[in-house]
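For reference, the structure discussed in these notes is given below.
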Amino acid sequence: MSEKILEVKNLKTSFYTHLGEVQAVRGISFSLNKGEVMGIVGESGSGKSVTSLSIMKLLQYPGEIKSGDIFFKGEDIVNKKNKEMLNIRGNEIAMIFQDPMTSLNPVYTIGDQIMEVIIRHQGLSKKKAKEKAIDMLRLVGIPSPEERVSNYPYEFSGGMRQRAMAAIALSCEPDLLIADEPTTALDVTIQDQILKLMKDLKEKLDTSIILITHDLGVVADICTKIVVMYGGLVMEEGTSKDIFYNPKHPYTMGLLKSIPRLDLGEKKRLIPITGTPPDLIKPPKGCPFTARCPYAMKICSLHAPKYTKIDENHKAMCWLLHKQSPNMKMDTGVKRGIVNE
Amino acid sequence: MSNSKVNMDSIPEDMWEKIDNKEKESDLISRPSLTYFQDAWRRLRRNIMSMIGLVIIIILILTAIFGPFFSKYNFSDQSLKMASLPPRLELFKIDNENYIYLANGLKIYSSTSNGEIINLLNPIKQDFQKKIKVYKLNGKEIVLDFSDKPFKLLNENGNEYPFYKKVWNKNHLLGTDDLGRDLLIRIIYGARISLLIAFVATLVNFFIGVLYGGISGYAGGRVDNIMMRIVDIISTVPLMLYVILLMVVLKPGLKPIIIALGSVFWVRMARIVRGQILSLKEQEFVMAARTIGATNLRILVRHLLPNAMGPIIVSMTMMIPTAIFTEAFLSFIGLGVPAPLASWGTLCNNALGGYRSYPYQLFLPSLAICITMLAFNFLGDGLRDALDPKLRK
Amino acid sequence: MNKDKDAIIKVRNLKKYFPVKKGFLKRKVQYVKAVDDISFDIKKGETFGLVGESGCGKTTTGRTIIRLYDVTDGDVIFDGTNISNMKEKDLSSFRKRVQMIFQDPFASLNSRMTVGDIVGEPLDIHKLASGKERQERIYYLLKTVGLSKEHASRYPHEFSGGQRQRIGIARALAVDPDFIICDEPISALDVSIQAQVVNMLEDLQKELGLTYLFIAHDLSMVRHISDRIAVMYLGKIVEVAKSEELYKNPTHPYTKALLSAIPIPDPDVTHKRESVTLEGEVPSPINPPKGCTFRTRCKYAFETCKNKEPSMKNLGGDHTVACHLLDNKK
């Protein structure tokens, strides 16, 4: 029943700078089923945005996919030429970027920019395309779309621009939507609106979504599956319940501990993850999290751990999960809120 | 990543020891420290054209400063006998020791076989009806027959002296001008004058422009409005016309040229600096400086200008060739440095009269101007790329 | 009035309007009412949170209090001295006691200066230390924020966002201030780093007895760090309360909406909770709506809201709200 729409296998992406090779993504694998919403969580420099650009094949010089496979609907797109990607990008895979202020072209109207995608990929006439553009604007909740369609981006506020971006991304009914920090630049109330919109659209169009963010709160609401990235590697992968209620990797636990919980009455001191992320020009030999991990052992700094399967959907990369590892008392950071039934 | 050579089933006990957190210096920076200008230099170095330009400029400056010490001539030494000798000489062989060079204007020089001019020969007999001149060299009679082109050199028996070969002028590497002054030393002196004028004028522009633009941009509001309208008005005056008029009023010389150039080109610099300051002064680091009580002068000098330095340097580099060109132009139309001082423009101007007979006198200083301007432009282009913050990662 | 004595800073009817100039002569035709008549007190040693969406005037409030902007109207009384109309040259002692931490860790440090010079600049300006003493003080400040003395000779671009923000904190601490305005100090940082900075601010407050004005749009962090919180909307404060009270008993419809919009990192809770999605966006502060500024997005708005501006009403226990619904209930 669950058809795999995207499968990434051992993807490695590097940037070749004058200082040396920056290994932004160092061998990650995950898969996404049709209609699934997956969250990729990680801090800046974890490789989450590079992953999305690799899938879109939008890496700019000096970035390059070093090795690995990306299967989209069963086809490997790593070796596809730019010309072939043009038919996939925008049509079958669409993307929403972080900054709504710069991701729209200021000299074309919103309508023109939506129509461009529709005409390019669906070959509709100009008139039909305009009707569709208006429909799309209505779908993403822009009031009076008939008038708004001929507005320029500067006449839109930040939240409306992000809606317009969503309208462009969804206008060809893509099978996969990649949203790279779509709400980071927005206010909470607007973020709330956009997340609701994405949930609605998922239900209406059955699009698969990859949501990239550094905010665990954002993924908790709409993602069914979560991938936690650190230092160019997937640290832990599981359903959202696995990640929030049964984290197995100290980094995931650290993330959970470092955010204050508004809904819980307590006002405890936050437990931050100390230190800073590793320099990926010289990635650490062992586990990249060793330097910041409160449970780090000798082996962590010397050898990279393998994935341990916790159950069918849940796996983590940590020596603590090895059968020989000493039993350590850990603060998992899980806080369960009161659910009002 | 899982290529570690450990046996997953039995890992030695000691591997499971906890590491102390304090040992892990995670705030350590491993990358080498690079300042803004070191980083820019690294990028500039990779730009081949700019490096060529830079090397040319360095050679040029060194030659301008030290070149005259290695020359036996002075830029003002005249020698009418040696006037208008080209860099390449066509020699005729008289005998094994004696060679002669036949110059334009029916002048004959005795020379060595490798192109060292010994002397100008005086005719012992001239016959304008037969169109011959007779010279004596080392006891041998040389007859110059200029009745028909090409002119012939005959011996007393009426046999033609053979054409020997073309050699470089050993006395004057680049030849001499119409007053017999060494052209090489004059071009080197020209480089001194041209570069001096260009650098000083650019420096003057830099100070006026940075001061004016800095104040205008930092003060903002009405002050900025008025100052920029003044700049607008100044920029409506055709610069060349203004400089020419100024030069006419002032007496020709080094100082007036510098004053004329320095008082004109700052307009562009002022605009660039103002634009930079306007965009920088809203940045948070400027606000931070204000909250710690920094004075306006301190903010301008310590915070704003250092951050605006990139575009300022680029536009300075681009201003130098403009100044060189303007100076050359002024000198060319006779408003430049007075004789015997020579700038490249005056050299070109001097050569204009005889450029059909002596094209090298015009060509060589022009070439110097071209190479210098190209070198500065290449360097400027490279600097623009190297210092542009938008390309910085 | 014992309560007034405790207040380190008193803001009274503060207004900050930015003129909108048009035409060749740059005539002031309109005003952006960024801060429009707000009043609050901050007590010694407390952390006062100021939250609101972008464009609500919270950053302008901070910058006006520290006199980066001139005050349009109203008073800012710091430790008994009214500084709202002081000339810059008379503000020197104020600048020694009030400092600011900025939002953008990349823009708030001068990239042409070494970290040592950045941290040492306040010492130079106020002539607090020089020579060896200055050096020692810089090392001490860097140590306070968890950096080492080797970092003093490095340039800001070599540091990560969190480290840069700590350098900014060290600069603010250089003059040994009493009151620090934190203008969204963590919103540009990663989650794991945010907690580092927040903990550091809390520790410093305890050690040095600092008072904070903590400006942010992230209500969960603000609630965590603040003792009292003011919620701003379109240049006005709509609700002030102790942070627990504000969360447990939000009264203004805007506060309620803001609270419900915050994502909760707990899938079960977030799926079950009913949320009040706030429709529409913030109106332009050039022409704010008449009456209650929030009425255009408020689903409880009624006739009075259009005509009359609500005044602050005390609900007891330091909880004040500006909303007509309170009258209506009575």
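We call the chains A, B and C, going by the order they appear; numbering starts again at 1 in every chain.
We take it that a residue touches a chain if its C-beta (ideal position, glycine included) is under 8 Å from a C-beta of that chain, and two chains touch if they have at least 3 such contacts.
Everything numeric here is computed off the predicted structure, so don't read it as measured data.
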item: Centroid-based (C-alpha) most distant chain relative to subunit C; value: B
item: Highest C-beta pair count, chain pair; value: A-C
item: Distance between chain centroids, defined by C-alpha means - subunit A, subunit C (Å); value: 31
item: Chain centre separation (subunit A, subunit B; CA means) in Å; value: 55
item: Multi-chain contact sites of subunit B, meaning residues that touch two or more partners; value: 27, 31
item: Residue list for subunit A, restricted to those that touch at least two other chains; value: 274, 276
item: Subunit C, residues touching no fewer than two other chains; value: 163
item: Interfacial residue positions of subunit C with respect to subunit A in the complex; value: 53-54, 160-163, 190-196, 198-199, 202, 217-221, 223-224, 244, 247-248, 257-273, 275, 277-279, 281
item: List of subunit A residues in touch with subunit B within their complex; value: 17-19, 26-27, 233, 274-276, 279, 281-282, 286, 290-292, 294-304, 306, 322, 324-326
item: Residue ranges of subunit B touching subunit A (in the complex, touch as defined); value: 1-2, 4, 6, 8, 10-11, 14-19, 21, 24, 26-27, 30-31, 42, 393
item: In the complex, subunit B residues that touch subunit C; value: 27, 29, 31, 33-36, 222, 225, 283-285, 287-295, 298, 302-303, 306-307, 309
item: Partner subunit C, residues of subunit A touching it in the complex; value: 43-44, 157-160, 187-193, 195-196, 214-218, 220-221, 240-241, 244, 254-263, 265, 267, 269-274, 276-277, 335-341
